[in-house]
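Heads up, there are several structures right after this.
In what comes next, subunit A is part of two complexes: it sits with subunit B in the first one and with subunit C in the second one.
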Partner chain A sequence: MSQTTTIHGEKISLLRVLGPGHVWALGVGIVLVGEYMGWNFSVGKGGAIAALIACWVAGLLYTCVAMIDSEVTSTVAAAGGQYAQAKHIVGPLMAFNVGLFLVFAYTMLEAANAITLGYLVQTVGGMAGMTDAAGEALVLHDKPFIVLTIMFLAWLNYRGVYATLTFNLVITAIAFIAIIILFFAVKPWTGEVLKHNELLTGLPYDWIGVIAALHFGLWYYLGIEGTCQAAEEVRSPARSLPLGTMTGIMTLLIAATMTWYICAGLMPWEYLGQAVTPLFDAARFMDSMPLMVLLFIGTIFSTLASANGCINDASRAWFSMARDRYLPQWFGAVHPKYRTPYRAIVFLVPVAVLFAYYAPLDQVITFSILSGLLGYTFMTFNVIMFRRKWPLGTIQRGYVHPMHPLPALVLLVLCGATYFAVFLGYGTQLMAMMLFFFIASLWFHFHRYRYVRRGDQFSMPWPRPQGDY
Partner chain B sequence: MSNGDYIPPRQSALGQFFDSVFLLALVFAALFAPIYLGLAGGGKTELAIADKTTWTGLGQNPVMQAAWEKLGYTPETAAPLIVSRFDYSFDLIALGVTALVVIGYFLLVVAFSKSEYREVIAERFGRKTD
Partner chain C sequence: MPDISTLNNYQLLEYGAWGLSFVFGLWMLLDMMKTNITYSEDLLISSREGEIEDALVIDPPHQGGHL
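After this line comes the complex of A and B, so read on.
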C-alpha cells in the first residue's frame, strides 16, 4: 500500500528507499541517547541496584513491545506506525489518541535531546576555561545551541528521509562504539577502576524504590517502537521491520547494561541520580583527554541522532493524521521536490523549541515517558483484538510473534507497575495528561470526526474483520 | 463501496486554523500548567544528619569521598545531594482516583472507537446481513 497526496493534479507518495540498517538506525538512533542521559534519574528514584533491576524489567517490557509491534507493523505497513494499526484494528478515536501519544513522546524526547546538547556544550565550554578580551571567564549559554540543534535537524528532515536516516546510521554507530570503547577502557575484568563493592549501597528506598525506578527505567529504551513509523518508506517491510526492531532491542539491552556497569562503579549513586551527562562524567574519571573527547562526541552524536529520528517520527504521525483529516488537511502535504511531510515538520518545531527552552529536563522526560506508556498500554489490547478479528491464516503476516497472548499480558502488568511508578512523585503530570486526552477525545468524537471519510479509514486489502467488532 | 457513503463537509481554511490553534492551546495548557503551578516533580524530604561538614559525617567511605572530590565536590556542596530523598508516602484515595481516571479514559476511547469503527467497516464492506 502506498498512500499518496495530490499536488497540482499529480499523485505524490513517500519514497520506499530504506533497508533493515536504516530501521535499526531509526530505532537505536532515537533511543541510544537514553544511555547517555536520563536513565540515571532511575538511580535517583531508587538507588543504583534498583536502577539495574528497572533496566532489566524495562528490557522485558520493551521485548514484549518489540515482539507485538513487529507482528502488527509488518502486517500494517503504513506511515504512522501504531497510528495506522489503531485505525485498522480499534477505530478512528483510538487512532487519533495514538497519533497524539506518538507526537508527544517524540517531540518531548527531541526537546530533552536539545536540552542535553546545550548543557554539554555549556559544561565543556566552562571546562575549557575560555576568557574574553578582558580576561573575564566566558560563560557559554546553552539556549542558542538548543534552538540551533532543533532548527538544523528540522531542516535536514525537510530535505529528505534517505539523507537524514543515512546520517543517523553513521552517527548512531559512532555513539554506540564510544560506549564500547569506554567499557574496555575501565577494564571491567580487573577491578582497578570500577569499585562496585564500595559504591553500591543496597536499596536506599527499599523495594518501593525499585518500582519507582521503573519510571525512568523506560528511558533506556523509549522510542524503539519508532522503527515502524517509516513503514511506508521501507523497501521490504515484512523482512526489514522485524529484523531492524529485534536487533535494535538487543543492541540497547547490551548498551544499557554496560552503561549501568560503568557508571555505578565510578560514581556515588546520589550524584549519579541527578547527573545530566553521566557517561561523559564517567569519561572524566579516566584522566584521558581522548576518552573525554570521544564521550563528548558520543553524547553530541547520540542527542543529534535521537532528535533527528524524533523529528522524523513525530512529523510522520502528524502527517498521517492530517492526511486522514483527523487534523486539518493542510498538514497532510508532501513536498513536491523532497517528498517529505514538510508542513508537519515545520509545525512541530516551535513546540519542541518552547519546551526545550522553558521546561526542566526531568519534567520533559516524564511527559515523553507518559506518552510512550499510554501507547504501550494501547498495544496490549490492540494485538489481542488483531488476532481475534483476523486469526492466523486469514491474512498474510510478515512476522508472527510467539506465545500469544502472554507478551500482551506481561506488557499490561508492567505498564500498570509503571503507571504506579510515575504516580510516585509525578502524579500531577499523569492527571494533567489524562485530562488533556479526555478533552481531546471528546473534541475529536463530537467535532473533528465529521470531516473524516468513513470507508477510507480502512485501506488494507484484508477481509472483513471477524466476530463482534 | 456501497452508495449512501458518508460525504464529509469541506472544512474552510479558517476552520482548519481554529482547530490547529485549539489543539496547540490544549497541548500547552496540559504540559505547562503543572510546571507553572508548581505541582510538577516529586516531593522531597531530607535525611536527618548531624554532621554535614565531613565525608564521614555524611556516611561516605574513602572511595565515595575520592569520587565526589574528582567531580569537584566538597562535603558542603555534596551534602544537599546526599541528604535529599524522594517522599514516597501517598494517599490510597489519590491512587484509586488516578487508577480510575486511567482505566476510565481507555474505556471511553475504546467505546467511542467501536461505534466509529462500525461505520468504517459498514462503508468498506457493506452492512452485515446475518
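After this line comes the complex of A and C, so read on.
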C-alpha cells in the first residue's frame, strides 16, 4: 500500500543495528587496502628504513586521531561524524568545510579503489595469457570492472547498512588473517627467508627522504576516523564507537608493522618502492601457490572493503549536510524500507565513476590524502575547544582520552610535517585544493547559509558552553 | 550488438561487467523514483540528527510497515 501523506509525528531515521564489530569493519575495512598497496611508495621516497619511520610517525598521528575522535564522537552520536562535531563545537562554516573534506576524502578513495580493482582484474586477465586467432595477446579492459565495482557496492549500500557492513566485516577479517598467515609463513623467528641484514641499506636520500616518505606513510592508516560516520546507526554509540575505533587502530598498527617487516625483508627497496601489489609480490617470492592465492584474495577483498566503507561514509556526510540544509535538503532523505540515505548514495555514484574513469590514480590518491589531512588538522583545535567549552564532568563521555592536550599538539605538529611532505611532491594540487575550499567557503557564507535553519541544526542536549563563546 | 559466437572470453567478461553495472544502476534509479513517488517528501526528509525515539520511527519489519 502506498503512503502519500505523513501521519502526524511519523518520522524515518537511519536504522540502529550495528555493533562494535561493524564499527571495526568500517574503519579497518577502509584502511587495510593501504597495507596491500600504496604504503610502499614511501619506500621509494626514502628507502625501507624511512618507510618504517613513516609507518611509526603516521601510526602516532593516527593514534592521536583515534583517541581524540573516540572522545568527541562518544558524545556526538550523529551521522556525519566530524562534520557534526565541527557544527556543535566550532561553527557552521567549519562544519561545511569538514563535511566537504569528508565527502572528498572518501569519494576519491572509493575511486582509487575502483581503479585498483580494475587493474587487478586486468592483470589476472593478462596472466591468463589468452591470445586471439593470430596469436596476438588479448587485453582485458579495466573500465568495465571499475564501473561494476562502484555500481555493485553502491547497490549494496543502498539496500541496507547491516548487510553492507557485515559483508565488510567478513572480507576485512579474511584480508587481515591473510597478512598474519603470510607473516608466519616467512618464519620471522629464523633467518631463513627474511634478509633484513642484507636489504636494509640506510637512508638513500638522507633525512629529507624520511620527511618525503610521510606522504605515503599516511596510507597505512588513512580512513580509520571514518568509524564515527556510523554514529547514528550503532546500537550503543558511546560504547561501540570508541571500542571499534581503538581496536581498529590497534589492528592497523599490527598489520602495518607486519607488512613492513615481511616486505622489507624480502625485496630490495628499489623494487619495493615502485611495486603495485607488495604483499602479493611477497607471496610470489615465497613460491607457494596457496599463499599467492590467499594474498591475491586478500588484495581483492581489502580493495572491495575499502570502496564499500567509503561509499558508506561519503554518503552519510553528504546526507548529514543536506539534513541541516547546508546542501539542498532533497539529499537528506532516508529510504523508508532500507533506512539508508539513498539519494546521497545514488548522487555520489556518478561523481566516483567520473573520477575513477578519467583521473590518474596518483592524483586521485593525493586529493584523498589532502582532504583527510585537512580533516585531521581540524581535529586538533576542535578537541581543544571541546575541552574548554565542555570540561570533563559537564557532559557524559563514553571515552576520555589521556594526556590532553598532548595528543592534539602532537597531531598538529605531525600534520604540519605531512603538509610539507605533500608539498614536496604535489604542491600544485595542494594549492588548488586550498583554493577550491576557499571558494566553496565563500559560496556557503554568502549564499547557502541563508537557507539553514539556525536553531534546528544544534540537536545535542548539552549544557551551555563555558568561557567567552 | 556483436555476434556472440565471435566474442572471446575476455570480451564476454567485459560485456558481462557492463551489463551487471547497468542492472545495478537501473535498479537503484527505478527504486529511487518509485520511493520518491510513493512516499511524501515530508516523510522522506523527516530524519533529525540525534533522534533515537523508536516510537516515532517507521520500522516496516517490526511495526507492520506502511508499504
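One rule holds in what follows: the second predicted complex is superposed on the first by the 454 of 469 C-alpha atoms of A that agree within 3 Å, B and C clash if a C-alpha of one lies under 4 Å from a C-alpha of the other, contacts with A are read in each partner's own complex, and residues count from 1 in each chain.
Throughout what follows, contacts are C-beta pairs under 8 Å (C-beta built on N, C-alpha and C of every residue); 3 or more make two chains touch, one makes a residue touch a chain.
Because the structure is predicted, anything quoted here is derived from the model rather than measured.
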Taking the superposition on A as described, I'd like to know which of subunit B and subunit C A:432 touches: first, second, both or neither.
first
For A:449, is the partner it touches subunit B (first), subunit C (second), both, or none of the two (neither)?
first
Contact-wise, after the overlay, does A:208 reach subunit B, subunit C, both or neither (first, second, both, neither)?
first
Broader residue contact with subunit A after superposition on the shared chain, subunit B or subunit C
B
Considering only touches as defined above, state whether A:346 meets subunit B (first), subunit C (second), both or neither.
second
Touch test for A:330: subunit B only (first), subunit C only (second), both, or neither?
both
Which of subunit B and subunit C A:274 touches, first, second, both or neither:
first
Hey, what residues of subunit A end up touching subunit B and subunit C alike?
329-330, 457
Residue numbers on subunit B that touch subunit A, as the complex places them
1, 5-6, 8-9, 11, 13, 15-17, 19-20, 22-24, 26-35, 39-43, 60-64, 67-68, 70-71, 73, 78, 81-82, 84-88, 90, 94-95, 98-99, 101-102, 105-106, 108-110, 112-125
Residues of subunit C touching subunit A in the complex
8-10, 13-15, 17-18, 20-21, 24-25, 27-29, 31-32, 35, 38-52, 56-60, 65-67
Within their complex, state which residues of subunit A touch subunit C.
1-6, 9-16, 77-80, 84, 125, 130, 132, 138-141, 144-145, 147-148, 151-152, 154-155, 158, 232, 320, 323-324, 329-330, 332-337, 342-343, 345-346, 349, 456-457, 459-460
Subunit A residues touching subunit B in their complex are 44-45, 90-95, 97, 104, 195, 198-199, 204-205, 208-209, 212, 266-268, 270-271, 273-274, 281, 284-285, 325, 327-330, 347, 351, 354-355, 358-360, 362-363, 366-367, 377-378, 381, 419-420, 423-441, 443, 445, 448-455, 457-458, 464-465, 469
